[in-house]
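All chains are identified by letter, namely A, B, C and D, in their written order; residue positions are counted from 1 within each chain.
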Amino acid sequence: MATETLTIGKALNTGLRRAMERDDKVILMGEDIGKLGGVFRITDGLQKDFGEERVIDTPLAEAGIVGTAIGLALRGYRPVCEIQFDGFVYPAYDQIVCQVAKFRYRSRGNVTLPMVIRIPFGGGIGAVEHHSESPEAYFAHTAGLKVVSCSSPEDAHFMIQQAIASDDPVIFFEPKRRYWEKGPVDTSLGLDAAAPLHSSRVVRPGTDATIVAYGPMVKTSLDAATAAAEDGRSLEVIDLRSLSPLDMGPVYDSVRRTGRLVVVHEAPGNIGLGAEISARVTEECFYSLEAPVLRVTGYNTPYPASRLEEEYLPDLDRVLDAVDRSFGW
Amino acid sequence: MTKGEPAPRRSGATRAGRSGGTPPEPEYVQLLTPSGERVNHPEYSVDFTAEELRGLYRDLVTVRKLDTEATALQRQGELGIWASLLGQEAAQVGAGRAMRTQDMAFPTYREHGVLYTRGIDPIMPLSLFRGVDQGGWDPVANKFNLYTIVIGAQTLHATGYAMGVAKDGKVGTDDGEAVIAFFGDGATSQGDVNEAFIWSSVFHAPIVFFCQNNQYAISEPLERQTRIPIYQRAAGFGFPGVRVDGNDVLAVYAVTRAALDNARLGQGPTLIEAYTYRMGAHTTSDDPTRYRVSSEVEAWQAKDPIARLKALLVKEKAAGEDFFKQVDEDARIEAVSLRERVLSMPDPDHSQIFDHVYAEGSPLVDAERKQFEAYMASFEGGH
Amino acid sequence: MATETLTIGKALNTGLRRAMERDDKVILMGEDIGKLGGVFRITDGLQKDFGEERVIDTPLAEAGIVGTAIGLALRGYRPVCEIQFDGFVYPAYDQIVCQVAKFRYRSRGNVTLPMVIRIPFGGGIGAVEHHSESPEAYFAHTAGLKVVSCSSPEDAHFMIQQAIASDDPVIFFEPKRRYWEKGPVDTSLGLDAAAPLHSSRVVRPGTDATIVAYGPMVKTSLDAATAAAEDGRSLEVIDLRSLSPLDMGPVYDSVRRTGRLVVVHEAPGNIGLGAEISARVTEECFYSLEAPVLRVTGYNTPYPASRLEEEYLPDLDRVLDAVDRSFGW
Amino acid sequence: MTKGEPAPRRSGATRAGRSGGTPPEPEYVQLLTPSGERVNHPEYSVDFTAEELRGLYRDLVTVRKLDTEATALQRQGELGIWASLLGQEAAQVGAGRAMRTQDMAFPTYREHGVLYTRGIDPIMPLSLFRGVDQGGWDPVANKFNLYTIVIGAQTLHATGYAMGVAKDGKVGTDDGEAVIAFFGDGATSQGDVNEAFIWSSVFHAPIVFFCQNNQYAISEPLERQTRIPIYQRAAGFGFPGVRVDGNDVLAVYAVTRAALDNARLGQGPTLIEAYTYRMGAHTTSDDPTRYRVSSEVEAWQAKDPIARLKALLVKEKAAGEDFFKQVDEDARIEAVSLRERVLSMPDPDHSQIFDHVYAEGSPLVDAERKQFEAYMASFEGGH
């Protein structure tokens, strides 16, 4: 046991370090990840310790980052790409959707592309445009990709290592507004001790209604559950962790018990993760539902100027409001 | 500044007069040395009247002062972030003043100096960096596009706009229109920028690509983007490239004016590399001590764009102490006004979240606006 | 009245022609759209008649097509971009998602971008990879875009004109496997006579269950309804036509009457249009539903080799199977 | 072919010997004129033994014959579509044979000739164009990537692979590894291709960019992509570009071998423009009569890559009628075998839809596979 208190950012950093120690084919690529350690310092100190051959400051072009990472993976490397902000992943979209996602399938299993694409995502940090996006649905809708998001230091530390160890390409969404949240991590544990990468998890048990969230909204949902408890309402909170594939078992179990479900995410609701979860839960738990699945999401507008984001983003009140509406159905 | 003939088209840069200082300067067009000496250039000599020189000086000082004020406002929590132009004043003022009224500019997020020369209220970018809006000015009416943060994207917009200028028959004469696209050294690596080169070459668009090579893309030095000088990129696409001393407002003016006039006369695109230096941090969120040494910054301090123009004005007796004082004082007043206006800037009304998503509306947005308003009203009810 | 029998392809061609006649700011841009008339001949003859200044064969780069179209729109033009095949839109994704979709919002209404991006989409034509994709969810999830799809010659002819006349950017999905389907079009009618662009429509009334589809799957659904009728089951078929915004009114009305809904599309089901429709219908018609909304979609795999597409794509049998399952719930 | 020293690095092309014909030929490296004369070249002369020349001839004939057979199979409905290499045999065989065993190639969808030289069964691309699979060979084991249909995407994969070669320390010696990326003239407009130029230049990757300029991107002639010769693009990125007569297998071989050897020795990237012509349609779905005149095709007919090598072999008495007959007959037999194997190619099993989506599986795919199997079984039950 060597439990430390780490921020999510630092837990990612130690996770990357472990992965690089474990396998010298693991290389990091991205903009400003070397001396600067990335704009969020997630790769802090790694170039110093592993050298410029393994921590590569790339030219400023995201298609280039992902496209060359594919070639490096074909050559036997395990590239971990950093996209500086959510809003800058789109120049790489073609390479991700047409190449990364399909390479294994097209080659009938001859090609394995063990790549990770790290994307700090979500809003709430007072940033200018393109720095607060939640593009996860674009990737989760894409067959051939796996998509995950962490919400705690412990998950950050282990999930990034699991993603790197995975032989499938993984899009790894980091909840940037939570980078500074702290929690305990036992960094002495191996990956075997961690929960499977593609499993969802009940992070707070409850009996009256279920909340499903992921990434930055897990904390919001937990806060909502705490507040609801004061009003005598017991909310069960589930952290999806894996956005593709979804691990729906714990969600179905929960909804069968509670009869009510609220899904929370920052991304616009229209054709988002919440829609899929609603559709599946309705299909699987049709006779258990006391009310339709409700969604609390970012509005269906472009992400607004930062002085509007507090109202734009789901918060504790909006989650509780949805819970109320569910009970009022 | 006499308008002069558009300069003949040329590829590559000429060796500029070397001024005394170390380290050796790269090859570029220079008309004014760091110590304030005028240099002649066979192709790019422009005569400036004393009044014009004073005007440029005033621009440089004002632009720097406003920028410094914005940085201070950010430090005090009044702006979310600020991308300072410190050190790049000459590149921006020179390029901005070289534009004619009818010309259209496509900036990045750092072109506050160009914005100023377009006559746009300098408060405009501050609302963006404060988080009040995402660009308050009318880009078409002001002939100055919205700031573009996604690196390189605007170069294609500029190219398309220039294709439209040509389609409108607004090239080939002296009063034709030209377009200028701004971007950084880092941006040259983006596919979009290279596609813009291709399109503007193929369609012979009236455009100037103005690259401020400030030596860094955040922490990454130039050699992460290219092994050869940036202006030489143009040769691969079949149009001329030229490097200019980006800290020399006279040279930037002359080179940009010539390139814009070439464009408006129907001679197609030019790539200008303005060789300069980002004296401050990338943005106020950045910590440049992590990736560069102070001696480098000091070396560039010696090439300051304002000091050299002041030296020239003094040497040529084109301006005296009174003038310099007055300019400083006027800039100070402008900065104070800027500050006051930022401090009193109202936050946007929440319902703006739902404004202007579509020109012709959307039932989904309308429904959400309604829900939102009802939800907000529920709090007023006395929660 | 001047009703002609046109294919969908030809109806698009005549619609483009009308739009170009009506407004000389309308210009067409794309790969091979000039002399060749496009690989599907949708722009056949237009360069000959309107000249190279208005029908532009572009360099081979989709980001360039869309990016320069934005500039042309800023300059007062109304560009209509052709993307040669669905699978080749991704290099333009950044320009579409970050620029086209947001320009008006960012500029607080100062900028109007009247652009159309035409995309032939869907499978069933025996093509090689990247030529049979259904990427509509990526765009419909993106706030700031409007997304439509036509399914008949009449709609093709009028909807393309309406899209061009719209001051909002419109992604226009053309059901490529149906380009050769014929139907009557009264080309003498003006746009006022046509149904609003963003309205869905009951294309076959019925009483027992509702089928919602769009684009190429409308015909499949109609065929299924015909087959079901022989078994004595009356299916109502709704053509969505507008994928964003959705016009859900006719769907809710229908489901309130039938109590059963099957959504059909070619795109993979996971986080597709069907999920959104399921979520909304469940929320709006909770007490009317006799069974959960069922989805018949492409499987959640990359699009397979063409000799597998018949099994991959929803067909009449799979639609009927879903209807059966709905009744068996 | 004596291995020879890697040629010195050079930028731009040299004027090649002009052979008698009209129209004037562009500047490019040529070692064999259309009429079968050997031409010396100061940098790119390679000695070929008679046996080697015969080998190249055999390759050209075989590759053309197999391609013609594939076109015929498509016409008969046995393939969904076919992208013929007709006219580009010399470019592909020359480049393919210039590769050493350890070198890695990244093709487009048209590199059947290169595939053949890699020793891959020529049936492989036919299953793809038939719709049976999306590329049946192991790209890494065969050192020949899957065909890439998305224009330009593979150039970045090639660059990354080459970066990996360098990382592995496999450059700098004679037995180092080199990478070759194939693409067309149209592809040069894609952002990805230009980013690949940037990346490989910055990282000094051991790569050769091999552009087959066949004058068209489907219907669009070269001038829709560039105003200057393609090989000159390289100058904008800081590495050499060279144009070679793409219908001259000897010149293509020599130029490509030199560039690959430069790459393996650690001298970085080269862009080769193989100047050639697509004699047939873009694919069997295309109708070139809509956009080009037959006289153009006829002019290129006179530059046929096979005829000129045959003329040389005859002139030098390196081969006689027997040899030519034998080659034709062997090619015919290979083509017949190809046809037979296509006709007997089984359709894929339906459940393959669900294979190889993920290395580590997915509950969603597993569930769908199960549903699918149950659904299919329901029909067997006697519907």
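By definition in this document, a contact is a pair of C-beta atoms (placed from the backbone, for glycine too) under 8 Å apart; a residue touches a chain by one contact, two chains touch by 3 or more.
Predicted model, so just to flag it, every value in this text is computed and none were measured.
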Of all other chains, the one whose Cα centre sits farthest from chain A:
D
Name whichever of C-D and A-D has more C-beta pairs touching across its two chains.
A-D
How big is the gap, in whole Å, between where the Cα atoms of chain B centre and where those of chain C centre?
41
Distance between chain centroids, defined by C-alpha means - chain C, chain D (Å):
37
Whole-Å distance, chain A centre to chain C centre, using C-alpha means?
31
Where chain A touches two or more other chains at once, the residues are 58-59, 61, 63-64, 87, 90-91, 94, 98, 105-106, 129-130, 143-144, 244, 270, 299-302
Per-residue multi-chain contacts in chain B, two or more chains:
133-134, 150, 189-192, 195, 198, 202, 224-225, 357, 362, 364-365
Footprint of chain C on chain B - complex, ascending:
133-141, 145-146, 150, 153, 155-165, 167-168, 191-192, 195-196, 198-199, 202, 355-360, 362-365
Quick check on the complex: what are the chain C residues that touch chain A?
63, 87, 90-91, 93-94, 97-98, 101-102, 105-106, 129-130, 137-138, 140-141, 143-144, 244, 268, 270-276, 278-279, 282-283, 286, 291-295, 299-302, 304, 329
Complex interface listing, chain B residues touching chain D:
188-192, 194-195, 198, 201-202, 204, 223-228, 232-238
Considering the complex alone, what residue numbers of chain A touch chain B?
31-32, 34-37, 39, 57-61, 63-64, 87-88, 90-91, 126-131, 270, 299-302, 304-309, 311-312, 318, 321
Over in the complex, which chain C residues touch chain B? Could you list them?
27, 53, 58-59, 61, 63-64, 66-77, 79, 91, 94-95, 98-99, 103-112, 143-144, 146, 166-168, 198, 244-247
